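Labels run A, B, C and D following the written order; every chain starts at residue 1.
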Amino acid sequence: MSALEILGLSLLALFVLAGALGTVLSKNLVHSVLWLALALVATAGIYVRLTAGFLAGAQVLLYAGGVITLAIFAVMLSARIEGGPIPNESAKRGRGALVALAVAGLFGGVLLQADVLAPRDLPVVDAADIGRSFLGEYVLPFEVLSVLLVAAMIGAIVIARREDP
Amino acid sequence: MNEIQFCLLLAVALFSIGIYGLLTRRNAIGILLSIELMANAVNINLVAFSRVHGGAAGQVFALFAIALTVAEVAIGLGLVILMARTRKSINVDEARDLHG
Amino acid sequence: MNLHSLALAIPLLPLAAAAIVGLVRPIGRRGGLAATISIAAAAASLGCALLLLSHTAERFVLKLPWLPVGGRTLAEVGLRFDGISAPMLVVVGTVALMVQIYSVGYLSDEASGPRGRYFTWQSLFLFAMQGFVLSPNLLQLFSFYELIGLCSYLLIGYYWEKPSAGRAAVKAFWITKLGDVGFLIGLLVCWTQYKSFDLAAIEHAMTAGPAQANTWLLPALLFCGVASKSAQFPLHVWLPDAMEGPTPVSALLHAATMVAAGVYLLVSTSFLFAASPVMGEVVMYVGAFTAVFAALQGCVQNDIKRVLAYSTCSQLGLMVAAIGAGSVAAGYFHLVTHAFFKSLLFLAAGSAIHAVHTNDLREMGGLGRGMRWTGVFFGVGMLALAGIPPLSGFFSKELILASLEEHPVALVLGLATTIMTPYYMGRAFLLAFSGKPRSAAAEHPHESGWLMRGPMLLLCSLALIMGVFLWSFADTIHEPVHLEVTSIGLLGIALALAGLGLAWVFHGPRKTVIDALPKSLLEAARSSGVDALYVFGWRHVVFVFAATVSFFDRYIVDGLMNLIGWAGDRAGDALRRVQTGRAQDYVLALFLGLLALVAWGVWGG
Amino acid sequence: MPILTLIVFSPLLAAVVLMVLPERSRISIRVTSLFAAAVSLALSIVALTRFLDGNPLRETLPLIPKLGISYSLYCDGWSSVLLLLTGIILFAGCWASWTVAKRDREFYVLLLVLSTGVFGVFVCLDLFLLFLFYEIAVLPMYLLIGIWGSSKRIPPKGPLAFAMRIFDVGGREYAAMKLTLMLLGGSALILVGILAMANQGAGTPEFNMEALARVHFPRELQMWAFPLLWIGFGSLAGVWPFHTWSPDGHASAPTAVSMLHAGVLMKLGAFGVIRIGMVLLPEGAQAWAPWVGGIAALNVIYGALSAMAQTDLKYVIAYSSVSHMGVVLLGAATMTTNGWNGAVFQMFAHGVMTGMFFALVGLVYERAHSRDIPSMGGFGKMMPGVAVCFTLAGLSSLGLPGTAGFVAEFLVFLGAWESNHAAWMVPAVLGAFFTAVYVLRATRMIFWGPSKAENFPHLSDARGVEWVALLLLGAMIVLFGVWPALALHPIDITTMSFLPRITGLLPH
């Protein structure tokens, strides 16, 4: 891997971690949603780096587009219902940090000792292959997923429906 | 320390930051966002290994995962709004009616 | 009518009468009918006994397997008719019949309902007593022994409305049961030593079989049983209280038959006592001491029945002492004569009580004038008991004194008894029948009817002529007896006369002295420590111990069970608090579990 | 004609029929249950006679062959005597509960189900099925005591009062709960014991007792399996530390239930200890015998002493049951022919005695509505019949010769004296004496003495219906006291077949 690529990858990683930390630590709820957007876009970059172009696109489209907008809507709505900005502070940090560090330490430790296979140059999997496997080998999960998405939509609507006065 | 190992380590870091957010955020939306982070970390793993072993399976499942996470967030936010409407606050600490 | 069915009839007839009167309500309710049935049964049983007495030559034993063990028989039930049981059958039969006839008169003025119950228990007692006399083995002896105790419990408690009667009945049963515990343990020892309960088998095993290790153990335990029923020293406290029962009951049970059961037990197992001289000595000294102790008590009683009760206790002591000294004939003959004149004394006292409606000597006096017959009967009984020559008491008392000759201490005690007995009997007679009447009822007592005087007449004649039968009695029980005039004999007579003189001096017709002894000594003697000991033992030892055990069970052992319940309840409560309701606590638990699993996976097993 | 199955299931059949009967038909309910009880009683007599003339009844039906479970009933000497006892007590119990007013149909259904369980345990050869019957016998107790019972508050005192404060000690719910929990705790131990024995054989587990009797279990297994069975069954038989359910349970239970429970269910426990514990695990039994005997002797004295200090009539009799069950287990621990004969005969004798006692106490309670002895007095005038029966039952319990109680106690004492722990006999004999003390004391305080009948308005003697139970039981006490060979002969035959396994040689 050339020096440039390493620089690119670590830059992307930096953005991802900054985004994550921002989501988790920021005082303002909207800021934390925006930080999340940054993190998601940066991971899309990493997908590109890992030759998963289609996925990067999907990621940006779905996550950054769908989830962030939904979150913004939710924040606006609940702020209006609650009257006033939503307090976004966090408590019991010690406990949370402890568990997070423990998980990181444990998994990281295991990963560092493991000898992970290096990336071999394999044919790049492009959108057509993914589409073929969607309707070929994985057609059942694909259909089930569609059913699930419909159910989720209906569910979300029913849950959040305001009683007509 | 090759590229894949780096991505996996990044995923672990992302995952633990997600856990931190999950455990410390007081409001429901904050928690949902942290869960997003953790789901994202999982996807990085999937893609990293699909890069190693090739084949479409890795990415297909990543896509499935993304779809599922989005569905989950949709429902989650619906609940948050319901909660906000009924309890006038989405602070998680106050919602403890199901205690022993 | 062969002998076997005759022997069987003796106990079974009264049992049948008891069953009819007891179970068939209409008969039981009408007193008169119940009385006739039970008297008829008693008379028939006595008839059989007399018939059997005529040919005691044939000794026979009937046996029937009763308890199986491992395929063989552990114990049998049956009848034993021989020289020893024949006279006892007659004595018991006679006295029982006389008392039953007497009771008809005595209870005539009471409601007729309960009399059905009275005669049921009387017949049941006769069955138990005759069954006891005829038992061939120790187990059956024990069984009937306790049945006799039951009948005494029922009869003493006849006036059960009176709390004192109820308490006396229960006290009698407890103390006899206490003695029977020893007897029961004796049975067990007998089984391990001789592998059988049958008296004949044991006697054979003792003579022929290997010498047993501690031969004293079985007799000692048997003596516990004897001591309780025959009111020997430590276990005699129930006899004076047993006077709560109607007087005919006292006459039958607590003078002639029941208390003599213990002595009869000694007689029929005398070969066991003979085998261990140590035990003989112990029995003799206990008997002698009881005789003197009870006689002393007798001198200070003011209740006529208690005087007679202590006198019975004392005479029993003499019998036991005689048997302990080795002369079974003396003890047994005294038992026979004593049965007659003591029941006569009781019946006479009963007719006196019946007339003046009180037992207290201090309210009697001068009854001799109004109740001539009763006075004469009481006098004859008193003289016989005192041991004045021509009467039966003299013969048996001389025999006893003769048997105690080699044991100086026992002899002295015996002689002391021979002087005290006439004194307290004389005192009772003089206080009741001579001197000035000391209460309104005593002024003009009415003589009791023929139903009461008839039995007394027969018993009086028996008391007079019984002495003559000594020698024929001796050879029915196959024991040599020789009665000659010895210095001890003459001393006995002299002491008897001296006792009577003393009574005359102190309590003669002109004197109004009730108690000869000074007041303080009187109180000390009257409140005998033994009774207080029992009461203390019960209230402060047994009952307190029972209360602590019950407290321990209810509040400690049961408390522990409740503690477990309480701990369960508390643990449940503690666990409840773990569910805080906050979602994040649950997620935390989730991750901790995850960490533990992964850690275990990586480094664990 | 499957006699044994009929004996076991006729009460259950009657229970089903009762369910169908219309609600208001008081008489037909009682008649059906009486008919079922009579059928069982009659057939149990047939079973006894069949055993005596040589061909004992046996019925087998393979249920789950793979697990070695089969429906096999067999009626040997012990079972036939105990069947007879259960039949008698059930019959008397049905008569004694004639006056149950509240929901009498359910009462009779539960009573009949309970007796089916008891019948089942006595004749069942298959351990698995035996455990099933055991549970059927124990569980209805909860409802019977909880619903139809009576309660008497006991103030919490002593060092553990705090623990007692949260329960209303003495109440009927408390008694029902405690009884059921302790017995189920015991049955858990039994299940472990049974399973330990069952899968000893190679391959498929073997539950049939006769087959297990032939298996020689390793010593270590016997050493821990026997105490499990002893404590498990013992808690039902009133073994010392686990007996505390008995006073509360019997005191709060209605008449017929405490008759059946004290009269028969406690025998289930003792039967279990001997028939399953000692016969199948001889080495374990012999090793633990000193403990079993020691605690049994303690039971006798302990029960008698605490009975003496009670002021509640039902508690007196409940503690006396604990004391008499001690005599049974003492007889069992002696491992001698006399001891075992005495133990099984005492089961029968005590069953009849306690049945009669509780029937009488039920009558007294029904009329006087009080069980407090000191406040009663002079009842003999108003209820002479009950007084006589009470005295008879009392005399049998204190072991008066001529009653069944004496024969049983005498055999057990003899067995104890012959066994190598002669010392047990001393507390046992003392216990018998103390029994005499408290029984006669209670009789005197209640039936004798000046009549306190004025503050008990409607005292009356037993009426026609109630006499049946009393006469039947009284006759049994005297009959088996005067001629014990009737029951002792079959018991002796079976003891001879079991005992050699234990002692290796039939004692003298």
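Rule of thumb we're sticking to: a residue touches a chain if its C-beta (ideal position, glycine included) is under 8 Å from a C-beta of that chain, and two chains touch if they have at least 3 such contacts.
Given the structure is predicted, the values throughout are model-derived calculations rather than measurements.
**Student:** So which has more C-beta pairs touching, C-D or A-B?
**Tutor:** The comparison resolves to A-B.
**Student:** Per the centroid of Cα atoms for each chain, what is the distance between subunit A and subunit D, given in Å?
**Tutor:** Going by mean C-alpha positions, subunit A sits 72 Å from subunit D.
**Student:** Whole-Å distance, subunit A centre to subunit B centre, using C-alpha means?
**Tutor:** Measuring from centre to centre gives 7 Å for this pair.
**Student:** Roughly how far is subunit C from subunit D, going centre to centre by Cα mean, in whole Å?
**Tutor:** Each chain reduced to its C-alpha mean, subunit C and subunit D end up 36 Å apart.
**Student:** Between subunit A and subunit C, what is the gap in Å from one C-alpha centre to the other?
**Tutor:** Comparing mean C-alpha positions, subunit C is 105 Å from subunit A.
**Student:** Indicate the residues of subunit D shared as contacts by at least two other chains.
**Tutor:** none
**Student:** In subunit B, which residues are in touch with two or more of the other chains?
**Tutor:** Correct list: 19, 22-23, 93.
**Student:** List, in ascending order, every residue of subunit A touching at least 2 other chains.
**Tutor:** 92, 95, 99, 103, 107
**Student:** Can you list every touching chain pair?
**Tutor:** Here the touching chain pairs work out to A-B, A-C, B-C, C-D.
**Student:** So in the complex, the part of subunit D that touches subunit C is made up of which residues?
**Tutor:** 154, 157-164, 166-167, 169, 178, 181-182, 241, 244-245, 247-248, 302, 305-306, 308-310, 337-338, 341, 378, 380-381, 395, 398, 400-402, 406-407, 410-411, 413-414, 417-418, 425, 429-430, 432-434, 436-437, 440-441, 444, 447-451, 483-485, 488-489, 492, 495-496, 506-508
**Student:** Quick check: in the complex, which residue numbers of subunit B touch subunit C?
**Tutor:** It is residues 19, 22-23, 31, 92-93, 95-100 of subunit B that touch subunit C.
**Student:** Given the complex with subunit C, which residues does subunit A contribute to the contact?
**Tutor:** So the residues of subunit A touching subunit C come out as 92, 95, 99, 102-103, 106-107, 110.
**Student:** What residues on subunit B touch subunit A, complex-wise?
**Tutor:** 2-10, 12-27, 29-30, 32-34, 36-37, 40, 43-44, 47-48, 50-52, 54-60, 62-64, 66-75, 77-82, 84-85, 88-91, 93
**Student:** Of all residues in subunit C, which touch subunit B in the complex?
**Tutor:** Checking each residue of subunit C against subunit B gives 575-584, 587-588, 591.
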